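If you scroll down you'll find the structure; I have some questions about it.
Naming follows writing order (A, B, C and D), and every chain is counted from residue 1.
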Amino acid sequence: MRLELSAEDAAFREEMRTFFTTQVPQEIRDAVASRRELSKDDIVRSQRILNAAGLAVPGWTVEWGGRDWTPLQRHIWHEEMQRACVPIPLAFNASMVGPVIATFGSQEQKERFLPPTANLDIWWSQGFSEPDAGSDLASLRTTAVRQGDEWVVNGQKTWTTLGQHGDWIFCLVRTDPDAPKKQQGISFLLVDMTSPGVTVRPIQLIDGGHEVNEVWFEDVRVPAANLVGEENKGWDYAKFLLGNERVGVAPVGQTKRVLAQAKEWARAGGVLDDPLVAAQFADLENDLLALELTALRVVAHSADGKPHPASSVLKLKGTVLQQAVSELVVDIAGPASLASGATADESDVDDWARVATPAYLNLRKASIYGGSNEVQRQIIARTILGL
Amino acid sequence: MNFEYDDEQEALRDSVKALLGKAYGDFEQRRKAVDADPGFDDSTWRRLAELGVLGLPFAEESGGMGAGPVEVSLVAEEVGRVLAPEPFLATVVLAGGLVEAAGSDEQKAAVLGPLAEGESVVAFAHLEPGGRWSPTATAVTATSSGDGWALDGVKEPVPHGARADVLVVSAALPSGGTGLFLVDPAGTERSGYAVHDGSRAARVTFSGTAATPLGDGGDATATIATALDRTRIAACHQALGAMSFQLGATTSYLTSRKQFGVTLNTFQALTFRAADMYVSLELARSLTLWATLVSIAGSPEEIADAAARASLQVSKASRHIGQEAIQLHGGIGMTAEYAVGHYTSHLTALEHWLGDGRFHLSTLASCIGDHDEVDPIP
Amino acid sequence: MRLELSAEDAAFREEMRTFFTTQVPQEIRDAVASRRELSKDDIVRSQRILNAAGLAVPGWTVEWGGRDWTPLQRHIWHEEMQRACVPIPLAFNASMVGPVIATFGSQEQKERFLPPTANLDIWWSQGFSEPDAGSDLASLRTTAVRQGDEWVVNGQKTWTTLGQHGDWIFCLVRTDPDAPKKQQGISFLLVDMTSPGVTVRPIQLIDGGHEVNEVWFEDVRVPAANLVGEENKGWDYAKFLLGNERVGVAPVGQTKRVLAQAKEWARAGGVLDDPLVAAQFADLENDLLALELTALRVVAHSADGKPHPASSVLKLKGTVLQQAVSELVVDIAGPASLASGATADESDVDDWARVATPAYLNLRKASIYGGSNEVQRQIIARTILGL
Amino acid sequence: MNFEYDDEQEALRDSVKALLGKAYGDFEQRRKAVDADPGFDDSTWRRLAELGVLGLPFAEESGGMGAGPVEVSLVAEEVGRVLAPEPFLATVVLAGGLVEAAGSDEQKAAVLGPLAEGESVVAFAHLEPGGRWSPTATAVTATSSGDGWALDGVKEPVPHGARADVLVVSAALPSGGTGLFLVDPAGTERSGYAVHDGSRAARVTFSGTAATPLGDGGDATATIATALDRTRIAACHQALGAMSFQLGATTSYLTSRKQFGVTLNTFQALTFRAADMYVSLELARSLTLWATLVSIAGSPEEIADAAARASLQVSKASRHIGQEAIQLHGGIGMTAEYAVGHYTSHLTALEHWLGDGRFHLSTLASCIGDHDEVDPIP
């Protein structure tokens, strides 16, 4: 047992820290630091800078731009990025569709899609959830019917995060409605969002932002070559995609950063001396430390192929803490949090205090999207505890 | 001892419920009302005036109905139930309450009459940027110049400050203490904006702005504190109405939404959480009802204690219920077109306008050694 | 709406307060105040004093010693008793078997049993739970088979509180094993515990105390006249018994008293100035106030026969707070809580600190016995929320 | 970075696990051992000595094994897993640790040798009636009388104080500060008793009792503080072992116990709570492992910080898991013949011996402004 990083890993950390704090434009990092919404352009610019340096998709195979890093190095890369307020490479590209194409796609698909996916030349959206298929994803009803060398897609996807920026969308579609189990008969299809019949409609969230969308498919014709892997095996690819990551499951670095900033805000507002506020900080900081160390245990775990059981703690507790920190920030803002709809010109309230409640409300989604905390508890109870 | 409304109170509740239910029973109407300035519906405001609601707590001499805290509380609860955006709390209970408490007879007639008739919106400019929930003012100062007073400084956020026809303003007095003034907003610079829950607030800048002392002038800190405490108790009722709606919406959703081929109420882990929401709601309701009854005849100290207790309990309940209501709904609870998340947004705004749970807990903790037990019955 | 007591109720409260603080021996009240275990003799003496004054069984019909009090008066009686550290009349007698016999028993049973039950001349035990029938009480297996004018009882009851003092035991027994539903075919039987074949075995609990027992029945012969009400209707009587009480569902007065004492202990130990301790006191005190007011809402509710829905909150939250207060007392005792096994001679640690942890451990039962908190949540979800 | 035991450590763990599993794998044997004084099994104590466990952290020159915090931690975890009553923490880690840290070479040889061989039980008399978790002493005072020292006052509770052959005693020095002394218990008056978790403690009264300064004498407050912090970290591991057992017992019970015709794991409200217990346990495990690694080479300040952090996390976990383990078992969990409740009792004793969660939270809160973030990797 040893806590220290090896000399090699320590040097690696230093290299990452230097890169992120010097090569990514300050204005983008400032926007992240003040929890402002990023523009599409900010996200694209940042990812291209990373990609040019080989830092956008390190988890991919080396052939397609990946790096042969250890899980610990990928963890360090991921934490240092958050610490430096650098936007994480778009998850739909880097962690989702990229690995699926790289693992299950045809050579043509790889050549066509992987380089622009890494460079965010293609902005991918995710077409999984449907109005009646949320936690029960396998009951999805969007269909793709084969006609000649095309698939004809009909149906509706929802909760499509940042779908308004999407160039392409990867979808789970039902290709065999007669399959004996609902998990069977599903395929994984890549759809050009400029195709006739694709409509993206915004869903406004309770924080007032437009972050998710409905995507409608009406007789959308998709070339057969855009089906990934085998027909009717899409559920396996979706499971691969969702269970793929050991690194970055919990937003540790980002939550730590917000908590550290909140300390400054509390100090400036004179409330850090309140013993109850200080105790809340100490308690959250300790929980976050325990979470970070759990993430480190998971990544440092000798890779025998099986995920470390504690990894299922990460998403569950990670979202709970992210939400709790956002709640504390609202309390520190106090009455100033009411100035949420004001522009900087209209208000004497600090930026951070004006976004405090919208951020808190927005983060209620964290325990719902991407496998709700109820689903996580179910996984722990069944898979780990055998209940 | 009796915790039930009398017939007159029931009748008032039914009228308010009918009026607001018609206006906002369809949540889409409420969304429309908050979309455009002033963030509420003028015709609903007028109808509330016709019903007497906007003059409810004021003496009949001031143009009001002479009703008490119980009547105020049941209006607030109905406002909360449909999330009616009309500024009953900010204008009638708080700003109007201050004028009623501290104003001269002439001022009461001049300000409260039009308020009760729905012709004038009154706002209390008290919170200051970077400040918290103190009953005193520091950022806005009052200076006396021969025959009049002038104010300087910034108040923000001022709930409904941009729409207000009359401002009640707190300001640091040259002699120390905090005074209350009536101000014509025309002499101020105002920038108004929407709050996350759809209500409105503003920054109000005073630059040598002419001001009239409310009543006799002098230090009004205690008056402000009690008016805030009374507003807190009414706000607890507003929160009860909102939480009742959220619990009802959640149980309806659990019995109708299907996942994995069955309705969600098949999952015991979810129904038990709804049961815990009910426990939180009922405990908050008990303490809030009590605080209202204490405020009928209580001393300022007793009202302050009761307001802190109810506010703490409602803070815990509203975070619990507000968060669980969204979580048990899943994705749909996050969307602006669905009601339940807006209630969470409003509960958060309400608490941070008047004082959060930790603030009240600190107050209660600081005097924990002053008594052995709390006996709720006088 | 009105908070004040009527002049009549205020006088009633004064009368109760005076009686309890002057007529019940100080040494018994001191034992309750210091959370010491009471002897059988203490409990009997106290109840006989109450009974002599007509204060032991006010909820019974007037004919059998009850008082025609309003629910609010019964609430005041109950709270003032706890406040004065007077032991509550034995629940098995006063709240359980007494009302069942008074309501469903024969005239002979009433005459024979009710006066000595009120006076604690008969100490009743409760024979409901069995090793495989806890929350699922209706699956009980103790049988009573009719032979001539006797019932022959065989089986085992458990969790029989204070069964070591029991003279008689009221039991649920299965009299019709072929009934179509398991709730049917159960009868309510009164058994003399000195009958041959009855064996009481102690169960030691984790606090080291002997409070509950197993009771074994081997061919115990019980006169047919000891069956209460109709044969095979016992489940109805058990439901009546368990749902009988509107008053005293939550141990409010007792928990308030312990919290008030704990403040003194904390002050003496110098920890009441700790802001986190003070906040914990304030939070618990507020929750208890909310609970007390909920109990008052329930008793003040105009009696239309149906229980006030909030009454189901009382047991659930009442036990949670009782446990939380006992946990805080352990924290206030701190390291002194380790002296739990010492007698007063052997230790310089205060009495209250020595019993702090045993009391905490013992009270873990509060959320299990008498309808666990899981059962309470189930009731709220089903009955009130319609889930 | 590496969080796995090496082969030698795994071998040590296996030996300890085998030894303790044989002794107490059947919980009835553990009940028997704690029923009679001294509250543990002498033959198991000797076998632990033969395995080298009782000299584990001491230098080889002192008769020990020269092992580090990781080895100590894995023994503590196995002790906790079966609730072995032998006083490894109190005697080896704390009392022995103080002698190792502060004693002269002669004292180390005289005290630690017999301790390592299982021939002598050493106890640290430090806690004082009415006191809490300070590293200083006030109720017992030391006075120097020409060629020697004498102690007066009362120490209580002294874990295993009645059985101890040698006492390490903290006492207020005439010059200020807290000194450490070796005392022959024959010169004291002792009354021993059982603790609720089956262990033993005592009141020890000093009346002009002869005492020998440990090492050079002088103020030992810092030495005591660090020894307590190291013991806290080991105690966290003991708690992890106990909580692991409780979680395992709970999941076994849920899958085997039937109610309403089905096993309890059919009820999602129960299985989700077991999942939450697992989350608490794993978070506590992560922080405790980290604290152990910090304590290998950390400064006293770093060790104090790590001990407070691990203790806070373990306090939260052990209350959560200890309470839920009983609740999910129902009535059987309350009984003395069933193991699970004893674990809750022990976790409560452990926390209140060394400092409860609120104590550690206060410590951490008081220095929350000293740093921006906590970086766990040096």
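In the analysis below, a residue touches a chain if its C-beta (ideal position, glycine included) is under 8 Å from a C-beta of that chain, and two chains touch if they have at least 3 such contacts.
Molecules present, by chain and UniProt name: A, B, C, D = Acyl-CoA dehydrogenase.
Nothing here was measured: the structure is a model prediction, and the numbers come from that model.
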item: Relative to chain D (Acyl-CoA dehydrogenase), chain with the most remote C-alpha centre; value: B
item: Between A-B and A-C, the pair joined by more C-beta contacts; value: A-B
item: Between chain A (Acyl-CoA dehydrogenase) and chain C (Acyl-CoA dehydrogenase), centroid-to-centroid distance (C-alpha), Å; value: 53
item: Centroid distance [mean C-alpha coordinates] between chain B (Acyl-CoA dehydrogenase) and chain A (Acyl-CoA dehydrogenase), Å; value: 38
item: Distance between the centres, which are taken as Cα means, of chain D (Acyl-CoA dehydrogenase) and chain A (Acyl-CoA dehydrogenase), whole angstrom; value: 42
item: Where chain D (Acyl-CoA dehydrogenase) touches two or more other chains, by residue; value: 267-269, 271-272, 361-362, 365
item: For chain A (Acyl-CoA dehydrogenase), residues that touch 2 or more chains besides their own; value: 275-276, 279, 374, 377
item: List of chain B (Acyl-CoA dehydrogenase) residues in touch with chain A (Acyl-CoA dehydrogenase) within their complex; value: 127, 129-133, 154, 156-157, 159, 191-196, 201, 203, 258-261, 267, 269-270, 319, 323, 326-327, 330-331, 333-337, 341-342, 344-345, 348-349, 352-353, 356, 358, 361-362, 365
item: In the complex with chain B (Acyl-CoA dehydrogenase), residue positions of chain D (Acyl-CoA dehydrogenase) that touch it; value: 267-269, 271-272
item: Chain D (Acyl-CoA dehydrogenase)-touching residues of chain A (Acyl-CoA dehydrogenase), taken from the complex the two chains share; value: 1-6, 9, 72, 256-257, 259-260, 263-264, 267, 272, 275, 278-279, 281-283, 285-294, 296-297, 300-302, 309-310, 313, 316-317, 374, 376-378, 380-382, 384-387
item: Contacting residues of chain C (Acyl-CoA dehydrogenase) [partner chain D (Acyl-CoA dehydrogenase), same complex]; value: 129, 132, 134-136, 139, 158-159, 203-208, 212, 269, 271, 274, 276-277, 280, 323, 327, 330-331, 333-343, 345-349, 357-358, 360-361, 364-365, 367-369, 372-374, 377
item: Partner chain C (Acyl-CoA dehydrogenase), residues of chain B (Acyl-CoA dehydrogenase) touching it in the complex; value: 1-6, 9, 70, 247, 251, 254-255, 265, 268, 271-272, 274-276, 278-279, 282-287, 289-290, 292-294, 296, 309, 312-313, 361-362, 364-366, 368-369, 372-374, 376-378
